[in-house]
């Protein structure tokens, strides 16, 4: 269910990774080798922080069309440059297919996206939604598990400590889910950003999570593939977190282990245990 | 906000009233003389009980496009006949424009649509939504006040007594709204059907409700306008309830008074006081 | 490029074959085992002749959304019955994805749909379009090769003799194409109907055509699978022509040979050589 | 039929004029005081030359939704800045409503948009389309008169001399139209740009053209309205051409006379007689 990609670094034309790479996100929308579903055609989203922006909030483009033939997405992502962007293609568990169900979701300067599911969500949707802070409640516009998870994380401190806030939200999902008889309530990978740092998490209650990778540093990439022109378009601090590698070249992407959070910040990264690592 | 139309009687080609009448519902979508908004272009819906159906539930066609140029709506409503149908054109207070926000809404064999608003809905959305029966909660798929009102009415007995159930729901809206400082919480007209009877209500907390009319009986119509060919297409028990008259001919439509429910059943109708008439 | 299905016989609820069969047309839209493309998600169409209709023309529902999650398609095809309908899911060679590029196409009482392509169509689009009768020219609303082929066939006598008219159109495509240096200009399968008879053709210049099958007669089906309840829903004269079999049960579908036209009429069928058989 | 807006000058956030002005283009989509139609809800387009772009071609965003509730349009136009952009809201004479019928149209580094119509276009569509250069013919993707007019102008020299090229195209439309019995074949206003200069034309065969205005220079604006903060957002060379004034303040917009071309270039403008001025 879904595939996503997050970039931070020198301002980059997003089409390079969303459209032009061998296994670009849009290529994955039509044929995802590692995804739980082959086709991710139930809408997409693109959220980007403008270059030189006075605004610190991200702009968002959501569409219910399949990404592979959307001409607006091609036009937009090849005419701007951005130092930090999220993009997501959706494979919906069920209708409705609507823009308010497209990722990334936004709150103030934050973006959030998710690949996976809260299992048997309908059973516990009401209880989880009630746990959202009443002041945030009217911001929930769609019907997805992911949007509720985001607002739970916001309620539980994500803006102060993203990993702790998401951890508390997932802990609540697991508690409420197990009380409702759901064996393994949480599945998936999550990306969060405040416009400067990216936090990405791979976690599932069953310990068998959706795939997640991040890129190695640009210097290493150039050393490994000195003749590849496209890699010269990436700056020294460029970093990608992706549901699956964007090409078949060995050595470019490193798998994120189970129950792990990755923190990406100005070209550096760090792995941290997430939830059950103690 | 919005205009709607409900028909019951001999099976009728819906395009006659939705598209071909002088002030058809689609004509009202582009230019509504009596509406609170001139343009009702934020999606539409059409729900119909099939003729000779084994199924007792209505089928629904929802679209986010303006009704006036939608070719699918023309094709559909001119190729079927139905003994009972609802249709609605929307003027949204705000985004999202999505199919799950289009009327009519459906529950089992019931249809429900609304023209108007719960005033300052965001202030009381959470409290009203929590009052919906938990078993009905997951059925709420959109973000509108109308859909919450429908599920409140279902929670409060609409299936046993539609007028009492809707009355209880509106009474709760007024109570919760006034506690939140909203002077006149409820505004609008509502149509409900179980597939056999139509209940239509005109009511607002301020006593200044959106317009509502119903047709006079077919025999009278034919007597008044013996030369009009189009009226021969309507059977003896044909009845319409409409946000505004479908043409300028005098005598065809009767205004529903404030705080009044109309019950239409097999060609007969009855007015009943609603809520504040005691 | 695309998959399609045509039915004639006793009035049938179209959802039975479009949605509910093991390899229904909608299932093929997400995963087509025999198609040139796996995914056929670039819009769809459904054209049906109403039961008991005064109208002899088909009604059409076109959508640019993927068929697999379209709720309107489910509502429509499960609430009507039709004695003859066409349905089509599209895999576009390129944008634009728009309703005017969705099959089936319609002219008066005729419907037409196509799976395949005129190879290198851009090279010869102008010459082929100029060969369309000027009175038909303004009816071309989309950008597809298929719609031009349809209007060429209409120009060349399809309404008098569908197989001869389509044959003349394909012969012109091959002549103009070869003059432009295109080795094998025509590829595909075509379905045509006047609302009573269905003509289906499998043909390609290279002799390696897209797959095409038609059902065996209902009596045989019932004899082979006496315990299958779903087959009792099909009447004695029910016939299907399909891009690929709707289920894995052996014996239900017969492959149409290369360069062959099938004529289906009131429960009987006939194979005829097409174009290169002499 | 339609309203449009063109800007050139210092890089500007397009939402200022497309969304935030008193009679912004989006406000005109819902209610156009001077338009031939009140509602322009049949899709819209936005074409912009990126700031600091390596690319000299414009990017384009087309949508079939009404502009007034389109969240993507708001996001996009408030997160970029552009030194030259076109935007257009459409009131279609008839379906299809599709992205390929949305303005502006693009060819290489050129943009083109039109408000008005070729009268009785269906009668002469074939002859005009045949007059388009065969190498340009496959680029016509929609069904509008405007797109054919653009490709005729390109055929007749627009890239070398935009006013002469458009003049030759309109002369051909008038000749072919009159031969077909159309009294006044051409109606409307047109905007063209190569990414540096804007050429805008107001012309109709009957001498009663759609409205067209352009802004006075920024220095004058600031002198007239020294206290208006929003005018400080416009640079010294900012210029607008608009179907109708963006606000009710006197003195800000100058009407373009009948049969006149306006050339806008780096803050200067020039009026030239167009076609019948001799």
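Order of writing sets the labels: A, B, C and D. Residues in every chain begin at 1.
Operating definition for what follows: contacts are C-beta pairs under 8 Å (C-beta built on N, C-alpha and C of every residue); 3 or more make two chains touch, one makes a residue touch a chain.
As the structure is a prediction and not an experimental result, all values here were calculated from the model.
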Task = Matching residue numbers in more than half of the contact pairs is the bar here; say which of A-D, A-B or A-C clears it relative to B-C.
result = A-D
Task = Could you work out how far chain A has to rotate to sit on chain C, using CA atoms and steps of 5 degrees?
result = 180
Note = Taking each chain's mean CA coordinate, chain B and chain D are separated, in whole Å, by 40
Remark   = Expected list for chain C, residues touching two or more other chains, is 71, 96, 99
Task = Indicate which of the five shapes (line, ring, star, complete, other) describes how the chains touch one another.
result = complete
Chain B to chain A touching residues, read off their complex = 96, 98-100, 122, 125-126, 130, 134, 137-138, 141, 143
Query = What does chain D use to touch chain B in their complex?
reply = 30-31, 38-39, 41-42, 64-66, 68-69, 71, 92, 94-97
Message = Looking at the complex, which residues from chain D come into contact with chain A?
response = 48, 50, 53, 55, 59-63, 71-72, 75-76, 78-80, 99
